[in-house]
Each structure stands twice: as structure tokens, then as C-alpha cells.
Amino acid sequence: MALQENQAKILILATEDCAYPGANAVGQAHMSYPENTYVLRVRAPVMFPEHFYLDCFKKGIYGIIIMSCGVECPYEGAYQALAARVDKVYAMMREEGLDPRRLRLTGVCTVCTKAFVKEVNQMNQLISELGPPGAESKKAA
Amino acid sequence: MADDNKDKKATSEQKVGVYVCHCGGNISDHVAVEEVCKNAEKIPGVVKVQNDVFMCSDPGQELIMEDIKNGTVDRVVVASCAPDLHSSTFRNAIQRAGGNPYIYEHANIREQVSWVHHGDQATNKATRLVAAAAAKARELQPLEPFKVDAKRHVTVIGGGIAGLKSALDLARKGLDVALIDKSPFLGGWTAKWDRAFPTDDPVSELVTALAGEVLNSEKITVYTCSRITAFEGFIGNFKLTLTQAPPESDAYEDEIKRLSDSGKGFGEFVPLAGICPAGIPETTTTHDIETGAIVLATGFLPYAPRYGEYRYGESKEVITLPELIRIMAENRQKGVGDTLEINDRKIRSVAMIHCVGSRQIPGIHEPDAKGNLNEYCSRTCCSATLHAASMIRNNHPKTRVFDFYRDIRTYGRGQEELYEEASDSKVVFFRFEADAPPEVTRNTGSGDFPLNIKVKDTLTFDEELEMPVDLVVLAVGMEPGNISDLVEMMKLPVGVDGFLQEVHPKLRPVEIAQSGVLLAGTCQAPFDMGETCSAASGAAAKASAILGKGYVELDPFVAEVDLNKCLGTGTCVNACIVEGALSLVEMDVDGEKVKRAQVNPALCTGCGACVAVCPENAINVKGWTLKQYEDMVDMIVSDRILPSQTA
Amino acid sequence: MYNPKYIIDVLADNIRKTRNPFGAGNGTVNKWWKGSDLPSNGDAMLFTGLMYQLMPFIKKTTVQIERFEDTKMADYVWLQKYVPKLMVKLGYIFMADKKDKKASNHILKSMVKLLVKSNVNLFYRPKLDYYSGILLYDLGDNEGFIEHAEFVANKLKENGIKKIITVDPHTTYALKVLYPKYTGIEFDVKTYFELIDFEARDGNSQVTLHDPCFYGRYLELSDKPRKILDRFGIDHVDVRNSGKFTHCCGGPAESISPSLTKEILSKRYGSLQETGKPILAMCPVCLGNLQKIDADVEDLSVFLAQYAN
Amino acid sequence: MSTEKIEFDALVVGGGIAGLQAALDLADQDFKVAIVEKDASIGGKMIRLSKVFPTLDCASCITTPKMSAAAHHPNVTSFTYCELQTLKKTGGEITARVTQKPRFVDEIKCIGCRQCEYNCPVYVPDEEQGGFAARKAIYIPFSNAIPQVALMDVENCTLCGKCAKVCPTQAVDYFQKPRDFTLTAKTVVIATGFELTPLRDKQQYGYGEIENVITALQMERLLAPHGPYNRVIRPSDGMEPDSIAFIQCAGSRDKSMGVSYCSRVCCMYAIKQAMLLSGAVPMADIAIYYMDIRAFGKGYEQFFQNAKAMGVEFIKGKVATIDPGENGTVKLQYEVQGAQGGVTTAEHDLVVLSLGMVAGWNPENACSVGTGSDAFIKTIQPKIAPTLTDMEGVFVAGVAAGPKDIVDTIVEAGAAAMEASNYLTRLTRKLAA
Amino acid sequence: MTQVYPEFADELEGFGVNTTMDCFNCGTCAAICPLIYEHFPRKMIRYAQIGAKDRILENYEDLWRCLHCGLCIQTCPREADPGDLILGLRRFVVDHWRRT
């Protein structure tokens, strides 16, 4: 179940070469998915520093999916750097009491419509279990 | 590069215009466009909101152009379909109205809203996406594509048919070309062949056709006996040093002898050697070349069988296919008899063995001294072998030919016919599995044949067959040429097979990661002559597209350093994924010599790897700054535009 | 399986001596024309090649030899060397069923009826109607075949025969393809159904054609009978393996291995049966074989002749 | 588009991957290029594929950017749904007579919103999906088609009028007629590609009419991420196949079909499909029946060996007959070659015919460009200038000059563009002199 | 161990066979043959290609199983006329008998 549009927002960072056209392909196929998703077009998600993700959660974003081109990344070496950074962000999230599953790194290509919808649904499922960012640490405590 | 954004205005002063499209119901059936417009008026920085049934139509575009022309807006957001469909339409419209095309941002409310969501939530999401786009738009700066002057000159390394073809194409296009070969000859391995399959063209004609025009072209300077000894620069502006020197004493001995024996002059084709354009230098000289692009046409080396591989080296009766070709070419000049002869020895039967040094399998084949296996198929040897086999049968009907193969790979046009022709001329085929290759032994049985071949033939129900032969010919494959000096100097990418590695076999098949350096022919992979020339022309096409205008126009979306913030930590330089795109340079700041980051926009790909690591946020990719993303997120979560809804 | 060596020897011997594979005189076998008033001169000569006439004899003979195949008896030299010769010599006199002989004659008469109805100016000379020798060719005795072919071709040539109408695929192939190749003598050869040319209407019948290998593949004549059926309004339901891809009835192996013939025949009959329609054959070998397995089959000529009234 | 003469520097016949690449390479050198494409969308055969060997990247991801680059390039004009009638050369100018087939939808008015398609009541098997899924009688050919313009399939249209009623731009035009127009150019690149070998002379394979025998292009659709079923099932009953067989040389190296040449791509695409299948139906057994495996290109042999290592079974032998078996299975008859071999019948749930390529266009009545005995465009200097045809100023790229894989096609398209560009340069110099 | 005798193909030309070497051993003929008998007729063709005369003479009976139905000739991808080759081999064997 999707949460209310304004309540629980999912941010999707989609690469302009692969995942962003993939998200459009979902539209072209007139498939449907919850509307709490906001797709931001990026050249390469490697540009975001660790604090960007943490800030997003602080601002009230419930979940972030980085949809990259994976190993087919047009910027050679960028994907590896991104993957390493995401690992660091996970560690920082744990420290801050955030469930690291709120951030997901995945590959979506220009025709991966099913993969896109699946990712969105899974994240929705997760955040409806976890509640707002930070809620999990309260629960644990 | 001059920093043209130094006195940029405070962002709050930008005037954003928002234009919302109905898309003839495609959007407006699910998104309340009027409501989106009403909400958009509340977005900070937005000074004007309009809507139209079709924003992409001429009347729609007019709305934007009017507002730009009379100064009402200076940043534009269109909310409509996916950006790849029409952002160029709107950028062009802005440009026609006298604006800079990069002040434009797109909100995708069709593919990502009206086609996937319905009802109030669709309208709300559309509003937020418009707000986010407007926030990004406020931070947009006018940009100009980055231009670097480019030398209308290309350096082609390698004087085989790939190099000749590339050089010729480029010269015909009007570019200046330096053609470099390390040997005294042009024509490469093609010149050392006899006839091309499947057309049966004499290679002398092919090489002469290309080299003749090359040598006559005013646009092409040929440097033989030359090597690149220094390399620097980037696309459009490479600097090379080449050293021309007499060849080492034992190098090209055979070819040079053929040249002097033939009585042919410079510029004439010498069989099995090539065309020597200008003799052999006596002294060593160096030349500096400024060049806009480099075409690598460094070719291949035939596989040299190990000592003892099918008795190669142990028995003089075991030779390679290129050696056989050479013998047959020489024989032809003497006239041919019923039986093939080698050194007056009559060859009554020949065994030809395929896949020698190709399609090697770990665990079955022995790796070379460096531990490498040639796991690839060399692509040309099947056809070359069959062509030679038919030639033997046709010219020497009393010489029998046995052919041992794993798979016959006559894939190309006219090549299956070669296979048929070989069958027709009564070549006998045998098929072996990789783990049970034919066995070559000294013949101890009857007859005066020196060798004996034994094979478990899968075509004959795995029976062991045996035949005595006078000659064994190994169809050797191709190996990468020895260009380790260039690889190291130019940081060329090498694939697992040892050949040079293209960026992507389909998207950019003749390019390598380094801009301005192109691949032509067998330095990339085994090819036949036609395919080599195709690749060579493809590389020439790319080079002339790059240099045709005299300048190289580069994407403006490159990294930019804010010198007010940069502290010269060098973190960004370490994070940069393209060597040379970012560096620390010494500069004068307030009378102090300090190190600061500097971007080479010709090399920067705009990936943003540097952005993430700068502790001062002093570096950003133009048009895609971190602040813009942060502002967009703020708008997405903001309650200012849409009142928070309680669940 | 019988040793081909002896069979070839017997056949070659018979043919050399009597011009007939069974060692009988042609006149004894070829009696169908008696009583019909076929002209002995005209435009094109009917040349039956005696295949249809020999079928009743073959049928009986094979029943006998089948009993011995793959038994110890088969190995007895006397059986291989002498019995076939003996048996067939006796066979044509004693063993051929009267009913079968009548059926064969009826087929040939039907063909004549069709040709007459089509206004073909044909004639017949029983003395010039020889066995073609095709079996020798098929069995690999080229020398024997060529000797016989030259004999027959020269006879025809000497008698000024130019146009020939054939009635079965094997003879057609021999005269049309093999004679020119091996004797250098050419005739204008047409098989009878190529000459059928009259109108008829039947909106109801449905048949399944079994193409003989020689018509389907070697001579590529399969579309000819189908066109006639179309013209007559008769629906032909073809099995998948028809025309160029027709499947052998097994007949040609008869003289070597009747059991092999049986195996192949039952396979072919299985697929023909699937259509559930009456089968039409165009070759005496196919016809005889299919009859042996009790198929609902008749000769194309007999079927078509009912429209020639 | 007007009916007047339209002038270009270069005309590219065919908007598949070869044509697009050649057009883009010429346009990037500032020549004005026209693409004439017979289908309703550019993209050719490649846009219909799933993933492509040897890199296994998705075909759309490579084709779509080239399609949109061509569509948005200021120097490229695409004429889709247009048939080239004749090419005539007078002096340095080549005149092309082209017929635009009626879409019954106004190209300029249509905004690609698909309202017509959604409201059309007629369902027709969708050839773009291998006939497995349905489309409407008025439709956009496929999701990423360029242009995004609908066309009407008049043969199936019931003239109910719903599409015209819902169209927001009044683009539906039931009375549209074929329209002839003329283009002029100085050079032409022929990139007319291929069709699959017809099975007409292969009765032993059931004319391709056995339900669970499909063509390799149909398998591409089953494997494509946006395919008809979104998974691999066999057509007869929707069952997930437990065993799948590929029959190589089903339309190549077979004189009995009139195709004596090797089609060059079938070995590799079969191996690729086998690999994709082992991901899509992990439990299925996959067998490839072959004569010679022709994995000759860069990385191809390694690809083949990987497939072997993954458990794809390679059986040396040409399948002779294909027959329907019980419960939808397919029976193959072939000779096993080894010592313990002999004629064998194998049963599979789904069989893929690796059909070859035949020439996509016959220039005979259109221009003086010659063809080889294989019916592909003849090239006069195959060794040193492989894109030259026997008509001066006319070049050829890709499969139009003989079967070729995508990698070789793209490289050759670049070469054709280079030759055409140099021809144009020479021509201008000649005119200037 | 079988010795290869490539001259046999020339010898067979005397028996009207000139397609001995045209076969590329795909196996279509064997699989399409109504006899469905191990490797027939390819086995004989292969023996002819490598000149294994003895094998042909030893297995002569197989040659006479052929129905001369022509299905292999029709479907041979290389137009190698397998059926005609079998006929030719019959002639070779008959000739051999008559000479010995």
C-alpha cells in the first residue's frame, strides 16, 4: 500500500542514459505505481556526497533509490566509486539509527519497466513497515 | 578558461516562467492543469505561469518566446512530456527569441505523472515536480558549448592496409595526415600475402591501389622506419615526437633483400615485401608533430607455433600457412608443375591443420611463456586455408590435400563458396575435437613419406584414420602486434585478448576511452582485408567528424572550480576518473602562491565524481550543481506550495 | 535380405534372354489390349513399359519369397540362385491371380479412355512395348541396363517412333531421362495425365494423392494431376509429405527385402490414412503395395476415367 | 513535407541501424541527409531484438539513442512509411522517386497520444511482438517508435469512427491517399537490410506451421524485457518449456532452399538466446543443433565457450525433419555423428528455427545497382573499399551487402559514410573547378 | 586404423559419380532416409570420401537397401546427390564382383 502522497516520499536518482528513460518507458506502457515517487534526472549519481543522502532523510524523504546504469555506466570507473560511497552511507545511516534499506542502489535500463515498478513497490513496502526516517531507532529503543 | 560566472547575480532575482502543457488531454485528463498553474504562482522566483493545449506547437512556443523577448522571464520551465522528446524544441525556441538555451528546465508530468497516476495525487505530484524544476531553473546559468581549436591533422600509426586506407580517406577529406610505419615498407602483412580470399585479387594490386594514391597525395607525409617516442596533449591538440632511424641490423632483412633483388625502385610493389617509399634512413632524426587525432593501425602478428607444436621446428616438413603462401607465390614465378614442390621436394600430400594458436582452451592447450592463451577465434584462417587448399589442388592436381578442422568458419560473403570449391577440388576434410587434435609423427611405415598423421575423425564415426604426408601446414591465427611502448606511453586500453579495446563494440566501435584516439583494423581484433578497410574508413569518418570544423565543440556540462572556496586539498583530483581532467596548479591568490584545482574542460566528462568529495563544495558540474539538487529536494518535501495533508 | 548379387544376375540374365525381367515372353504378359480397337498408327505411341502388366506376377512372387527372408533358408544358395528364376517362370503362368490381371488391364484401358476423351491421337503396337530396364539401373547393373536400353531405344527409333505416352513413373523416368543420357536417343515423352484435357464437374469427391517418388521428385510432375482434380472440382487433401517431399511406399526394395518394404509401407500408409479420404496412386508399385496393406486405394486413371463417359 | 523537389546532399535508403549510423556520420560532417524508411518507424530489425551479443546489452538501449539522435539532428530528415520507387542519376545529381504510403493519420497533426489506439475496438495479432500479442487496428507501431505517429491498418479497420472521434487533433484521415514525391541528392547509401529466409522450400520443417516451432525473431520478442508475455512460454498452451532446441542453418548453407551462403549471425544469436533463456527459464534444458559453430568475432568464441560451460548442449548435426509430437512437443530427427551414434529422434517443448537472412530489397526495377548471385547488393572492391557499388556515387552499408552482425554493420555504415562524404567532397571540387 | 585413400573419388567418376567430395557430412540424408538405419547413407558417402573401399565392399548389402526414393537428393543442403552416389557405389560393387 502506498502511503499518502505528502507523507512518505521516495526519491529516485535516475541516470539520464538508462534509468530515466526506463522510468519514461513505464509511462509509455501506461503501467501504474504509487505517486509518492519523485524521479530526479542525474548525469551520474557519483556526484552526491554522503551528506546529501543523510540530509534527504533529515528533510523527510522516507526512502531513496539510486537507479544507475550499473556496470554499463558510460563514465568508466564512476560506478565503482558510487558503490563504495553508498557503502559508506550505509555505515553512516546505521550510526544515525536509520535502516540502511531505506537507501538502495540498483541498475535499471531503458526498457526495464518491470524492474522499475518492482523497485518502487518494494521500497513502498519497506517504508510502510519502517515508518518515517528515524522511527526505526525509536522502535528499537 | 575564464570564469564567466564571477559576478553572477543572487539567485533570488531570477525570473522564472512556468509553462504547463495539456498535451491535448493526455496530461489534462488526469492532472488539473489549472490547479497546477495556480499553485505554481506560489513557487519562489516564479513570475509568470501560462498553459496551452500543446506547448510544443508553434502557438505554444510563441508564448515562451514572447516572454523572453520582452524580458518578462529569464528562466524557463516547461511542464509536459519526457524531456528527451521536446527539450530541444524548447531550447531552440528560447534561442530563436534571443535567450541562452541553457536557461531551460523540464518538468516531466506526462510519462511520470499523468500516464502513471490518477486523481488529486497526480495533480499534487505534478505541482511538486514543477516546483522542483523551478527551483533548479533559478540556479541555471547561461552556458556556451566549450570550443577548443583543433589541428586539422591526423596521425595514422601503421602503414598496412588499415593505415593506408585511413590516411587516404582523411586526405581525400582535406585533412593533413602523417602516416607512420616502423618498417621501411608500406603494405603491412597484406603485402606479404599472395592473393586475397575470396576474390582472388593479387595483393600487389590492392596494396598498389592504396599506397600509390597515398604516395601521390600532397596531404599525406609518410614516415617509414619511424616510431612514436613521445606523446602528450588531448583531442584536437596532441603533440607527438617521432624518431626515424635505420632499422636494427637483422630487422626487415628479408624484405630489404627482396627489394634489392627485384630491381624495383622506390614506390614500386615488391612481392612479399611491400612498397618502399623512400629507402632506408642512414641517420636518426626526430620530428615533432602537432596533430588533432590519432588513428592506431598497428596491426597484428601471426601466431608463432611453439617448438614441437605439431612437430613445428622439429621437422622441416612442418610449416605455417604464411610460409606456404610465400612458397607458392615464389613457385608461381618459376612456373608450376603437376605436383607442388618445395626445395625440389615433390609434395604428394599436404595436411592443413586449423586453429593453431586460436580457440585455445584452458586445460587443453598450453599457455605461452607469459601464461596467456589465445581463446579467441582468429576469424580469417579458415578461409585463408581453404583458399590455399583449392589453389594447391587447382595448380597441382597431383598434390592431395587433407584438411583438419574443428568448425569451418567461412562466414563472410563468398566464403562458403570457398569451402565448396575446396570440396569440389577434392580436398578431404577431417573434423577433430579440441581435446583430440591430429597427431603428427615421423613416418616409420611403408613409402617414403616423411610424416604420418593420425586423427580420431568425428565425421567417420570417431574412427582413427591415418595418412602419410609430405608436408604439414599449420593455419596459424593472429596475435596482437607488439606495441607495448605505445600502450604504455598513450595509456591505451587493452582487452583480455591482448588486442586494443574499443569503448563499446556497437555504440563507439572505433573509439577508445581516450577522446581523439581511434582504432583501425587488426590492432582491435582479427579482421580480414575488407573488414579492416571498413574499420579504417570508420575511424577516418570519426576523425574527420571531430576535426572537420577546425575546432572541437565540447559539452558545456563540465566541472567548474569556485576559486573563492577552493583550498587546494586535491581531494577532487584523486577522485577524478579521467586522468588529466583535474589537476592542482600553482597560482597567485592575494600575493600568495597557492595550489588550486583546475579543470581541463577538454578532458572532463562531467560525471561529478569530484563534486561529491570536495569538503568545501568548491567544485560543481555546470548545469547540474549539488545545490540545484538540494533545492529540488527541498521543493519536493516543502509544505509551502501544497498544504500538508493529514493522513 | 537377399543377396543383390544373385538377383542382379538373374534379372540381367532374364532380360538379356527374353527382354523381360521375369524371363517370360512379352507376349505372354502383355494381353490387355486384346479386344480393344487401338490404332497402330497415329501421332503418339502408348508405351506401357509392361510395369502394370507385371504387377500381378510380382505380387504373387513376393508372397513366396517373403516366407524365406531372414530365415536360414535365405542363405541357401539354391534359393538365391535358382528359385527366383524358377518361381517366376512358373509364377507368371500359375500364380498370377486372374482378378489381379483383370485389374491391371482395367487400369490401362482407363488410361486409353482418358486419352481418347482428350482427343489424343494415340496408337499402340504391342510388339514395340518393352520393359524399360529400369530395375537393372536401380540395382546398379549399368552395363545390363545400357545394353537393354539400347536395344529398346533402337527398336523404337527404327520404327520411326518420336512421341511416346507413358503410363508409370519408372518407365517415364527411364525414357525421358536415362535413355537420352545412356543411349543418346531422345523421344518426346509425356505421361498420360499430362495429356488429359476435357471438362468435368464433381463438387463432392475428396481424395488423397500419394505421389510416387519419381513423379514427385525426379520428374517434378506432382502438380499435373492436382490441376486436373482442381479442374474437375475434386478436392484433394494432401498429406504433409507430398509432391517434392513425398514419402516412398517401400516398393523398390521388394525384390531385395520384402520386410523392409513392409516397414516403410506401413509408415507411409499411416500418414496417408490420417486424411480419411480414398487414396489415389499413380504407379503400379505404389498401387500394388497399398493394396497389399488393404488400403482404400485405386489408380488415378481408374478414378478419373469415371468422368470420361 | 511538400510534393516539391526536396534537395539533400545524401539519401540513405533504410532507417535500420546501418542507415541510422551512416546518416548520423554524414550529418555530423554537416551534410544534409534524408532517410527513406519503408516501415512506419525507423529502427529497423535491431529495435525489435532483446539483448545483443557479445556484450548482452539491451538492443533498445543502443538503438533508441541513435534513433532519437537522427530524429533530432538538424541535418537529418526522416521519411517513414515511404517506399523508394526509382533512383535516377543525371550528371552529379541523383533523383529519387518516393511513394509515401497512407497512414490514414495526419503525420503533422498526430501528437502520439494514443487515444485512437486505446479506443479502437479491433484487436489484431501484433507482428511487432512476433504475432504473440494483440494490437489495435489503429496504433503506434511500438512503444519507442520514431516518429510517435499512429497508423491505421485499413485491412482490419471496421470504420467505426471511434478513433476519429477521440483524436484531440483531428489527425485521423480515412481518405488519405498514397503520395508521390521526389528527393534529390548527390550521393546515396543503400542500407536496406534483410528479411528472414522464407521456409517455403523447407517442407520438412513443416513450413514453420507447427505451433511450438518459432523463429528466432519470435524468440527475441519472448526474451525482450517489453515482450508479449513478459516471460518465456510456448505458444500452444502457455506452458513454460522444460526443453528448448535451436536449429541452426535453418535458412542458410542450404542449397535445397536456394540459400547457399552462411548468414553469419545465427550461431551467435542462438548462443545468446540460449544464455538469456538459461536466465529466464533456469530449469530448462537447452540444445543447439549445429553444423559448424561460427563464433568468429571479437569475444565471440569466448561467448560460445561460456555457453558450453553454462550447460548449453551443442549437438553436431543438421536436423532433417521437424514433426509435431504428443501434447504440443516437437520431434526432431537428426543423425548423431559419433561412434555410438545414428539416426535419433529428440523431443523438445519448444523449438527455435535459426533462420538466416535474405536480401531486403531488390534494386532491379529501381536503379542500375547490381546484385550478386546471393541477391545482395554487389560490391566492386570488397577488399579495399567494401561499400562501393557498381553505380558511381551509390554506396552500400550493412546487411544490404551481405549478412553481417550489428558490430560489423555499424563499422561498415561508418565506412560507407566516409566514402560518401569523400565522394561529395570530390564532386564539389569538380564543380568548383 | 583405416588408411585414407583419396584417389577413390577419382575412381568413382568412372561410375558416373562426381559429387563424392561435395558432401559436408551434415547428416541430413541419414536422418531423412526412410530406412532410418544408423548412419546410412552418409556412412557410405564418408567411406567413399576417405577411400575406404574395403569398408564399402564389406558392407555392400546396405547399398541395396536404398529405395532410390530421392528424398536425400531433394533435401541435401549441398546438392551432393547422396542417392546417386549410392547408385554409383552399387555400380562400383557390381563391377568389382564381375571383375573378381
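Letters are used for the chains, namely A, B, C, D and E, taken in the order the chains are written, and counting of residues starts over at 1 for each.
Following the convention adopted for this analysis, contacts are C-beta pairs under 8 Å (C-beta built on N, C-alpha and C of every residue); 3 or more make two chains touch, one makes a residue touch a chain.
Please read all numbers here as calculations on a predicted model, not as lab measurements.
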Each chain counted as touching chain C and chain E at once: D
Both-way neighbours, i.e. chains that touch chain C and touch chain A: D
Chain nearest the global centroid, as defined over all protein CA atoms shown: D
Farthest chain relative to chain B (centres taken as mean CA coordinates): C
Most heavily contacting chain pair (counted by C-beta pairs in contact): B-D
Most distant chain from chain A by Cα centroid: C
Whole-Å gap separating chain C and chain D, where each centre is the average of the chain's CA atoms: 50
Between chain A and chain E, centroid-to-centroid distance (C-alpha), Å: 69
Chain B-chain D separation of Cα centroids, rounded to whole Å: 25
Rounded Å distance, chain A centre to chain D centre (Cα mean): 37
Chain A residues counted as touching two or more neighbouring chains: 21, 28
Residues of chain E touching at least two other chains: 24-25, 39, 74-75, 78
Contacts with 2+ other chains: residues of chain D: 57, 204, 253, 337, 341
Which chain pairs touch, all of them: A-B, A-D, B-D, B-E, C-D, C-E, D-E
Contact footprint of chain A on chain D as seen in their complex: 57-58, 60-61, 64, 143-144, 224-226, 230
Touching residues on chain E, where the partner in the complex is chain D: 24-33, 36-39, 42, 74-79
Contact footprint of chain C on chain D as seen in their complex: 203-204, 206
Of all residues in chain C, those that touch chain D in their complex: 240-241, 243-245
Residue numbers on chain A that touch chain B, as the complex places them: 3-7, 9, 11, 21, 23-24, 26-28, 30-33, 35, 38-44, 46-50, 52, 55-56, 59-61, 75-78, 81, 85
